[in-house]
Each structure stands twice: as structure tokens, then as C-alpha cells.
Amino acid sequence: MSSKITPNIVSPPKKIKVGILGATGTVGQRFITLLSDHPWFIIEALGASERSKGKRYREAVKWKQTIPLGGLGLGGIGTSETEKISSTDLRSDDRRVGDLIVKGCIPEEFKACQLVFSGLDADVAGDIESAFRSANISLFSNAKNYRRDPHVPLVVPLVNPSHFSIIPQQQRLHSPSLSKGFIVTNANCSTTGYVIPLAALEKAFGPIESVLVTTMQAISGAGYPGVPSLDILGNVVPYIGGEEEKIEWETLKILGGITDSETEFDKNGVPLKTFDMHQAGGRPALRVSASCNRVPVVDGHMECVSLRFHRRPPPSPQQVREALSAFTPEVQTLGCPSAPRKAIEVFEEPDRPQPRLDVKGTHNGAGVSVGRVRQCQVLDIKFVVLSDNVSIGAATSSIINAEYAVLKGVVS
Amino acid sequence: MSSKITPNIVSPPKKIKVGILGATGTVGQRFITLLSDHPWFIIEALGASERSKGKRYREAVKWKQTIPLGGLGLGGIGTSETEKISSTDLRSDDRRVGDLIVKGCIPEEFKACQLVFSGLDADVAGDIESAFRSANISLFSNAKNYRRDPHVPLVVPLVNPSHFSIIPQQQRLHSPSLSKGFIVTNANCSTTGYVIPLAALEKAFGPIESVLVTTMQAISGAGYPGVPSLDILGNVVPYIGGEEEKIEWETLKILGGITDSETEFDKNGVPLKTFDMHQAGGRPALRVSASCNRVPVVDGHMECVSLRFHRRPPPSPQQVREALSAFTPEVQTLGCPSAPRKAIEVFEEPDRPQPRLDVKGTHNGAGVSVGRVRQCQVLDIKFVVLSDNVSIGAATSSIINAEYAVLKGVVS
Amino acid sequence: MSSKITPNIVSPPKKIKVGILGATGTVGQRFITLLSDHPWFIIEALGASERSKGKRYREAVKWKQTIPLGGLGLGGIGTSETEKISSTDLRSDDRRVGDLIVKGCIPEEFKACQLVFSGLDADVAGDIESAFRSANISLFSNAKNYRRDPHVPLVVPLVNPSHFSIIPQQQRLHSPSLSKGFIVTNANCSTTGYVIPLAALEKAFGPIESVLVTTMQAISGAGYPGVPSLDILGNVVPYIGGEEEKIEWETLKILGGITDSETEFDKNGVPLKTFDMHQAGGRPALRVSASCNRVPVVDGHMECVSLRFHRRPPPSPQQVREALSAFTPEVQTLGCPSAPRKAIEVFEEPDRPQPRLDVKGTHNGAGVSVGRVRQCQVLDIKFVVLSDNVSIGAATSSIINAEYAVLKGVVS
Amino acid sequence: MSSKITPNIVSPPKKIKVGILGATGTVGQRFITLLSDHPWFIIEALGASERSKGKRYREAVKWKQTIPLGGLGLGGIGTSETEKISSTDLRSDDRRVGDLIVKGCIPEEFKACQLVFSGLDADVAGDIESAFRSANISLFSNAKNYRRDPHVPLVVPLVNPSHFSIIPQQQRLHSPSLSKGFIVTNANCSTTGYVIPLAALEKAFGPIESVLVTTMQAISGAGYPGVPSLDILGNVVPYIGGEEEKIEWETLKILGGITDSETEFDKNGVPLKTFDMHQAGGRPALRVSASCNRVPVVDGHMECVSLRFHRRPPPSPQQVREALSAFTPEVQTLGCPSAPRKAIEVFEEPDRPQPRLDVKGTHNGAGVSVGRVRQCQVLDIKFVVLSDNVSIGAATSSIINAEYAVLKGVVS
């Protein structure tokens, strides 16, 4: 899964100005929280709807993060006092975010940004993101609108950053062709969490044949106001609209390869690259069956996974544990600053991971946690995986994708 | 699955005196609540630990039911005012339960009872239940201790009451042999809920080959004090000790048949009957894989089930819905008063059933609810089933078993 | 607090046709649930917004009650099987509610109704309720719009049904004057719960001088979708918009008397009657201070009350307990069928009442529960009161008000 | 409230070895979490019950903190990646805590410690803490056992560290008299949270005459296993055993002064110092009335406070806000490293603070948050205060007390 884009790693520029679309929403707030003390990225511009435009960010936003807006960049929870003091210099900088004047979501307002993150809602993301790309802006989107586009990579940064290699084609196919503008999306939160151990296992043991996944998803995955409390307090809702379908096909695109199309050609007659969602390249087709449930948990998607490998005999639970624990994604070796120090934490305790205790892990929600690896009586292996749906399941993935793009020179 | 015990139904006696062991515990309280307005059974004796012995029940118990102890038999929640008034005569009777003097759990104290229910904890149930059987008392137990005993039927009343037919052998094998004493157990709550639709589907479409079940279980399943709030509030615990194993083997015993043993014989050289847990009798082996989770729900186990039929092609989702809805267990046609009017309620809404809204159904938790019947990409069919773990999953099953035994003349 | 309307009680008519406005909303659903097996009232017409108009009720509503729409009138939870069976005849009737065609909220559509209940939202209730009154329809409203109107009684049925005596004046002042039309409102849910014990104490011990009340209110009080789960799961929100003000002034109107106005006169020069919210009639002014909190509870408002009596020395905790327990409102002696058998249940246990266990009580939420009566170090007495905000705090109050009006001949 | 102990601040020693009693319990785990990256204190010894003695800490403990045992000292949640990396060197150190061999709670095992923290349960704390003091060890206890002792200071570090001045007398009265050993306790969690704004207001506006406080307390306040989930999920329990009494008298001791006793004398005939809980020294008596509730919140006690000042007219809400915000406790100016940068955060938003969002604040739970400051119709002023019961309400207070003692030279 090595990158096919550029052989040489570009040294990271000191300061990169970034913009955030949908800045007042749940995902936007998370982008701001994560970027407020980022070593490279500086928040330059915030975009939101007409209702917020022209206001100071602190007046426009209904801030819902556990780190207060005024405390961003100060280290926050769990930081030692000495570290807090040493970061005092950043304070004036970070106070700045609250004082930024919110802009409309139009490309002209974001010209000073070298790249833009989108936390837009799906009902507006389509047109706005397209306009940003056409304006030659590099866009990292958390929205679902372009995930199915055959020339837009759907990248879980711990899994398939190699899919960035399709970007030149995305730019070439645009009319007029683009030099810098592109759209990269990250995956749905519930897909992201469980596809990371799947990727680790395919890397170690070859193709997986079938996967059954049952999710227990946190309310924060539905944004704000999201799930009415009367629906979920002391309850389980065995349905999340469109979620099962997303898991089932996103998994195929993410774990699939990129091949030359046999039916599409560019103007020079060169076959177009396309995602190979059916794994025709010699590997057995992957079948995925998802059952999605909403549970009264604030943050952290739990997923019970059972799977069958192509290879016979399948690996033992202990081999699976070791392969998961050893998994080292390219974004980590490359030095993306937001990549987790450990991609997959494997728990030995029988009753872990648990959302309330383990969702943040030691990596601020950038890695995932796996537990209860054991044999499945019907398929081969079963386990649970916990992922932080508001971190690796959303903004953190976009940010690592952007870091990867910077290191690979895809964003200049 | 027709009964093999007695061809003729005995007409129900007017009043049958019953005892309850473990009366102060969670299951015991539920037995009392359900029996307080039972048409046949009259609570005659309550047994509990040394700590409670000799006290009035109302002083011995830490009552945790939503229907107050003083309101038992008055109809309670949702009853129309007129019905409440009409049941006033029962009141003196029901007030009586609070005034009963709690006895020790020894057979001598329960001689006046025609049958006894056990809500004992597993750590004491073994010896006590055995002593009651030896004292020639018919015992209907919710405890797990004798579930694996090859001569004790493990009966989910909506599924396999035909397994009562092994009781004569249980009595014959006892030394000295018994005329009335026996133990019947009901199944673990999470097994009970999902095995009912499985039985309905096997009845309609023949043997199931494999089942994957992921549970989201309510805290009341763990009794009181049970799950510490710090473990479960806003959390999911992906582990319940011993639960997955119980589901996996109990399913085999419940859905299995009774055959003559090829290796065991009675003193007359007649082959002993034994449970056929491997379904050797021509049907394919059933493989079950369970993943159990505790969720912050008070009452109601939700289970996501995927299964594969032996028959090809498998039935369609619509055929499955119709078969589930049409399922009519023997206890219902026979007229057991606590049997649900409808064994399986099938929901068409995409987001139902839900524990908070649907756990009691229209049958006071005696039936189960199934929803989201759809195709599975890996096996054949998937759906969710919701069962009331404190009703059909516990005391209600024992009570229907006892009603069945009365109607069949097994209890005289 | 004896009624001033008619000396003779009218014998209740067999069947009274009623309408429900706002039938698809939370309060409307509760009206339907409660009226589905009412001994006098028959649901004749359901009104809702344009979106629902013309649809069958079962298609128009997103039903959120724990008793299924199809199970209404069948007795439901906690009812014995025999009672369920005996009520089978009602079933066809009750199925009927789901099949009713939803009407628009215009008086012409409700001509067949002898009285109408309103569960409308405040943003539309003003004009619609006024139009119904002008069309000479008796309207019992749960909305807040007319609560402050000096000629509309604000009636907590267990407290001040005597305030119905202002209705003739409300009708006379209308232009043209009305023979049957009027509006009666019930109080805000958090006011209703705690004002019942206040009324009981004023009846027994004379005027209260000051009250401090801190509420912990259930999410169902905010309707649906109401409180976002992200705001309340594992959280407390120390604010409910407008709630503290409502408690503070509604208490004064409800506990106040009706006197002749010294400044307003009718066309004949007769002084108008008006509510005496300042208790000028010789009694000391009542001061109320409320602090309102939302807590993650589904149903049941808990309120911690501290109060000071005018009389010195104040009653002892034991005297208070006895007075609360002995309180018998007029609606009860009069025989209103939905009035609770006991208005105030007094708990002796130190840790009761609790919403989850006690909200419904033995009276289906029509009474309230008081516990922890003890001395206050700052004022005189403190206690907690629990009320079922969706029953006595909403639809049940409207229904008892209507029953009272029928028995008193206010509704013909 | 300036310190009366030593005029000169001792410069903090580089490394002070500390012990923790009750290390496997809830409070003990919190001590370890907080001390793992403390600038002065080094965890030297851990003590627990016989069951844990001799095991490695990681094997003895059922770790329930959101920061994993292996991640202690690494910065944790909300820390920027760069800071995390820079703290890598600490890792070996912090891993060390998990590897420590748990000792018994006997003084001999803690000789290497310069001071000891106690997170012991009340049922064992009495004898053990006394033994440690007798062994001349400085003990900072979170247990309640010695809080009422007239010679043991009950210190909320943001309020009354001046009460340390009674320690020399505590040492002198011991037989034999002690040179270094003493016991200092911190207050009950619910007292600590609300007494901080009370102290700020007394400092600014003079004595408070009466206080009414209604608490909504988190489950973590009850330790582990603590509150059964069946008691609290979707519920409120209006009772916490002994809690109201604790708040009512602890407040008097904490806000009271130390005076010379008129009845007790030391052997030299010098009057003994004693706590003046009745505020006889010219100030009006303070009356406190508390109502305590448990709510389904994990961390964070919310308290609704109404109070009356002695001074007429009382300060306005705005003056109260300013005084709270300006409050600067001595521990802060003195430079205690765990003291909050801001003691009281005052919120202007109408619906804040909230436990889930605000419990940690920007100071890792060492300060408190106040909101909704407004007039009270019965007393003068009302507001809500939120405190982190597991931080400032428990271990953090002990630690700041110890820091203060070090800076003041009370601990050498």
C-alpha cells in the first residue's frame, strides 16, 4: 500500500493557511478544536451559512465542545500544568479564532488559504465543494456528496492514502483542467472505524471474503440537534437511515484497488483509471453485511465484526491480535503529525474497549481500539472495534489526509 | 412440535397454590407481580435467605417494580378506571402478599404448594432446587444450574414444550423414583428472545444452518445491584460473562430433538431418551455465533440476527415476515392464560421495534417483536428481535411452562 | 374551595363526543391514549396541521407512546389476561382511532363534538383556540396562550376548579356573547406538580408566605423532537426558557382568589370579576422563587420544595405528612372518573419517590407523590414532589377539567 | 484570609516522594492520574488492602480512568501532538506506576515518603490514618473520618488554607507530641463545590445569613461499584445518605474562624484554639439547608444555590458576578502548581455551566463554574455552581493542600 504519487517526501512548510467550511456545525467545531494547536496549519478563514456571515465566530457559533472556545490551544484536559504554562504564548493566537469574522462559503473569500476543509452538511456541500474545486482550491471534505464519484478518492488515511494517485486524473478531467483544485473525501464514521482493522488483516493474511458488522453508534455521529433525546434515552434505535448501505459500498471502494478502465478512455485514448470495487483483479469478491444501531452513548462507535478469510486455514485469534497490533500505516511512518502513534490498540481485557473509557485512547481519538478477538463459530474470527467517530471518524481523517497531501507534494 | 405427553387436555383447576423461592430478588419480585392477578395460581408461600426469613414480605424486600407492592392486582398502568374499580375485590387478597411471612427455602415449608417457582441465584439454586425435587415437588426454575442436565428439559414455552416428555424419565432415574417431583428450567433471557423467531422459521422453512447474533442487553438482565452505573451510563460494555456460551449451546438443546440414546440404558435395558444437541437425526448441524453487549437500557434485549437456511433458495424477506407473523405456538392454542395473544409481532416501520417503546407490546412482555427483516449480503436473512428480558425472558416463561404442565396433567 | 357554579351535580351523560386539536403531537397522542377507554368521552374528530389533513390518523402520526396505537383500549401494561380478553369488544372501536381521517383545525369540522381538547403548540394555538371559542365550542386547552388572560381560568383540577366560576363572565364579555363557547386552560407541567401539595398545605395550615422550588424536569416536558440528545445525555441543563417565570406567576393565579374588580365594570356597571394574584384579600403576599433544570429522565418532574408558612409556629413535618395524605380535592368527591383515587401519595422511605419507579403511581399518573418531608434550616419545611408531567401535568388535567365541567353542567 | 503560618514562602523542592493509601480505589486512581505528571511529587509507594498487597499495581487495580494506565504522564486528551512527543521521555517513568508492587497500609512501608495522600474508604480510614499520624507522617486525607475532629483542619484549598494554623496544636496535643505527623482533611465533594463561591461572596460583601442549596450529584461521587445502574439510569434519586448533614455542618466549619477556646487549655494554661462553628465572633449565625439528589451524570456536581446576605441592601447580580470572577485564592497567588488559573469561571450564557461540557473547564477540574446569577424572589441572589467532584471535590483538593503545606514549610 505504498504511495504511488511522489517518491520524495516534501519537507513540511512552516505555516500553511487553511480555511474551514461549515465552521459553526458539529464537524466544523471539531476541525477548529483540532487545528487550534496544529503544528503546520493556521486557521485563516471560517465559512458558514448566510445566518452566520459577518458575525464574529464566537457570536455565530453555539459552541458544544468540552474544551471551551477560549481555552483552545491551551492544552486542555489532562495536560500538566507546566505544559499549560509553556503554551501561554499561543493564547493570543487562539483567542483569535473566536474573533474571526465568519465568511460566506464562496471561493473568493478563501483565496488566502492553501487548502480548505469542509464540514458542510450534505444538503449544501455538493454545489459549494464543486465551486471550490473549480476555483482551483484543494478541498478535504467530510461530506458524503462526492464519495461515490469514480474520480474522487475516498480515503481513510490509515488505510488507502495511495488512492490519492487518482487526483491527477480528477484534475485532468475537469473542464478546464485544474492545476491545484481537487476534492478528497474521507469515509463515513462507521465505515472508517471498522475498515482499519480489516485493512490490517488483509495486509497480513490476504483477502477477506465476507464481513458481518453490527454497529452500536454514538449520538454525536448524527450531528446537532441530531437525535431527539426522547428517541434514544434508555433506548436503542435499530436503524440509521442510509448507514448500512454506506458501510457496505464504501468498504468496497476503500479496500479496492485502482485499475485502468477497459471501457473509458481520455481524449488521448489512454484508459482512464477507475476504482475497482469488485476486486476483479484476481482477488475474491468481498461481501459485506451491516446492521446499524444507535445507542445512548455520546462519543464512540462500537462495532461487532465477524469475518471470513479467503485463505484456509484462517489465522488464529492470536495471530490476528499480533497483526492488528503491528499494523503501521504509511501516514505514520511518513510522519503526519496527526497520525496516531499506534493505529490499532489491542485490548486483552475481556470487557474492553468501552466507549466511555477508551474512545480517546492515548492518541486523542486518532487510532482505533480492538478487543475480544476470538473464533467465530460461523465465519472465522470475531472482535469488537471502537473508534472515535468525531475524531478519526470525521475531522481527524480529513486533517491527516491533508497532512499526507502536503508531505507528498499534492498540495503545494 | 406437537406435545407427546397426554392427548387430552385437563381442564384447569380453579385455584392452585404456588410457592416462590428467591422471592425478594429481582426475578422473585417479577414472579410476584405477574402472579398477583393470575387466574389460576395463588401465592401461598414465599421463600428467601436467612436474612429475610421470619419477616413480613414488605419489610424483607427492597421492592423495585414500577407497580407498587400495595398496588398489585389492581390492574396498574394503562388500565381503564372502570376495570380498576371492578378489581377492587382482589385488593384485600393482594395486600396479603406484602403481609406474608417469608419462609426459609426448605421443602417442608412449601408442602401446601402444588408447584413452586424458583427465582434463586445460581450460587444457591443447585442444592435447594435438588432438595425440592427430592421432596416430590414440581419445580419451575429460572436458574441456570440444571439447564445442562440431560434429563432436565430446558423449555422456552413458545418453542419446545414438547420437551416436557422427558420428565417421566427424569422422575424414573431419581433414586427413589419420583411421582410428582421434577425440575423444569427455562432458558437464559437472551437465548429465549431470539430462539422464538428461529423456531418459527424452522417450522416454516426447515432447518437453519448457521446463525450470527449480536445482542444489546438491558441492565435488568443482571439483577440487582447488578451493573454498576459507572460501568454503563453513556457506555456499552462488549462483554457479559458466560452469556455467549449460554446462547450458543442453549439454542442447540432447545431446537434439538429428543432421541433414544445409543449408549445409555435403563435397568430394563430400554434406551434412555436424551437431547440430541447435534441434530444428528438427518438435519444439518446448526452453528451459532453470539456476541453479547450490555447497553444502558432498563428493560428489553435487542438482538441483531443473521441466519442461513439449509434450503436453497432461501425464503424471501416477505415470506419470512409472513411466517413469523403467523407463528402460533402450542401454548397459545392450548389456552395457557399467560401465553401471548400473538407470539411474534412483526413491525413494518424501518426503525422499530425499540426497547423503550415496544418492550411490553400488547401482551405485557409475553411475546417478542421482530423488525427490519431484510436480506443479508453474507448469510440469507437478517432482522432484529426485541424481547422483554424480565417477562418472557424470565418469570413469564416459567409461568407459562407451569400453565402448560397443568393443562397437560404433568402437574396434578 | 367549593364550586360556585351549580349547586346540583348533573348526572353524567352516557356518551359525549369530543374532538382533539393537535392530535399528532406529543400532547395530542397522550389525549388519545387516555381517552381511548374513557367511560364518557368518545373521540369523534382529530385535528392537525395541513401536512396531516386528509390522511388516516395512523399514517399521519409518528406514534411515540408505549401503548401501541393498535392496542389502545385493550388495557395494556399490567392488565391481567382475563381483563384483556373481556375488553375485546372495545377493540373494533379503538382500532377506529387509527382509521379516523385527520381534519384541519377549523371549528366547522368539529361541529359534532360537544367539547374539544387542545394539545396545540403555542405558536398556532392563539388564533385557532380563539376561533373555536367564537364558534361557541367549549375548549379545554393545554397551551399556554390564554393562561394569563384575566377572564380565562387557569385550572389545576386538584386545586382550583372553583375558578370555573369566571366562565360566565368570559362568555358575557365576548362579542357577541357566548352561550356555550369558552376556553379553560390547565397549568404548566412543573407548576401543576408542586402546586397540588401547596394547596393541600394552605387548606390545612393557612397561607404560605414564601416558596423556593428547584425542579429536575423530564425531557418529555419539551415535546418532540424537543431536547437534542447531545444536550441532555449524561448531563443536566440548568435552564428551561420561560419556565421559572411560568411557575412564579401561575402559582399566584392558581392559589389566588377571584374578587370583584374595583376598576373594571361591565356595561351594566357591575364590577367585573378578576383574579386576585396579589392575595390582597387579607392574606400575606406569596413569594415564589423557582430554579428549573432539565435532567435525563423520560417522564416525571421532580421538584425540591422549601416553604415558609405565615402561621407561627409552623406545622411539624409529621403534621405536614398527614395533611398531604388526607388531601381530598373536590374533583375526587364529585366523582370525576379520571381523578386519582388518592391525590397525594406520601412516601415514608427516605429515597422515594423516584421518577422511574413512582411516576405512574397506582393512579396512572393522575396523582402526585411526595417524600422526604422534613424541617428546613432556613424556611420551615422541605420535601420533594414527583408528578407525571405527561399525565396530571398535561392531558390528564384537561380531561379532569372537562369531567368537572360536565358534572357541574358547565358543558351541556 | 491570609495565612497565619509562616510569612516566608519556602522555595519548592525539586522532587518530593509521596505515598498513596487506597491506591486501587476510585479516589486512589484519581490521585495517581493527577500525580503522574506533577512537577514536584513523585509517586513512591502505593498502599491498598490485603487482597492487592504484593501484586503489581497494574494487576491489582481495576483501572477505570479515561486516561489509560499506560498513558499516564503522556499528556492525554486534548494535548497537541508536539507536546505529546516532547513528553516521551517521561514514559518510562510513568510506566513505572503500573509496575510498582502494592504495599499494605502500614506506616513502616511508607518511610521513604515525605507525605502521604489517603483515598481510603471511611470504614478503614480511621485506624490507618491515625497510625500514620502517630508514626510522624504528614497525611492529606480525602476520607470523612477526622473532618469533625476539632483539631483537624477541614480545608478547601481555595477557601480556608489559613486553617492549617491549627496543626501545631494538633501535633502538641498528640501523645507523644509530633514533629511532623498530622492529618489534614479536605471536604465532602458537594460541600467543596458550593463553598468556593460562598467564600468569594463573603470576602466581597460580608457575612451570608442563610443558604438554601439543592444538589444534583454525579454518580462518580459514590465511588465504585457505587450506585447500581438500575437505581439511576433515566432516574433521579432524591436522597444521598448523610450528605445533607455533611453539607450543613462542613460549611460552618470551613467558613468559620479559629478562636481561642474559653473552656479548653493546654498544660501551660494557654487557651486551646478551636473552630468557631457558630460564628460567635460578631458575625451573624449562618443557616444552611441542603437537599441532595443523585442524577445520571458521570462527573460533575451541579448545585442550585439561593442565599441571603447580612448586608442591606444586598449586592446586585452584576456585583455578584464580578466578585465571583475576581476571586483569587491564596493558593493561587502563592503559586501552588495544581491551583486553578481561575478559581471561579462565571458564565454569561443562560444555559451554562453544564456537567458534560464544562466540568473540566480550562483548569482540569481544579476550579468551579458559576452561572445563572440572578435575583431570588425569596432570598437575595440565586445561581448554579458546577464542580468536578473527582478533581476539586476530591484528590485535587488534597494535592493543593499538600502543595500549600510544602510552600508554607508545614511539610519539610
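Lettered A, B, C and D in written order, each chain numbered from 1.
FYI, a contact is a pair of C-beta atoms (placed from the backbone, for glycine too) under 8 Å apart; a residue touches a chain by one contact, two chains touch by 3 or more.
The model shown is predicted, which means the values in this text are computed figures rather than measured ones.
Student: Considering only chains that satisfy the touch condition with subunit B, which of them also satisfy it with subunit C?
Tutor: Shared contacts of subunit B and subunit C: A, D.
Student: Expressed in steps between touching chains, what is the minimal separation of subunit A and subunit C?
Tutor: 1
Student: Starting from the mean Cα coordinates of subunit A and subunit D, work out the distance between those two points in Å.
Tutor: Roughly 41 Å separates the two chain centres.
Student: At what distance in angstrom does the C-alpha mean of subunit D lie from that of subunit B?
Tutor: Computed value for the inter-centroid distance: 50 Å.
Student: Just the number, please: Cα centre separation of subunit C and subunit D in whole Å.
Tutor: It comes to 45 Å between the two C-alpha centres.
Student: Quick check: what residues of subunit D touch more than one other chain, meaning two or more?
Tutor: Residues 64, 231, 233-234, 296, 298, 356-357.
Student: Quick check: in the complex, which residue numbers of subunit B touch subunit C?
Tutor: Counting only subunit B, the residues touching subunit C are 37-39, 64-68, 70-71, 74-83, 87, 233-234, 298, 337-338, 341, 356-358, 360-362, 364.
Student: Spell out the part of subunit D that touches subunit C in their complex, as residue ranges.
Tutor: 210-212, 214, 216, 231, 233-239, 241, 248, 287-289, 291, 293, 295-298, 302, 304, 306, 350-357, 371-372, 376-379, 382, 384
Student: Which bits of subunit B are touching subunit D when the two form their complex?
Tutor: Its residues touching subunit D are 64, 219-220, 224-234, 296, 298.
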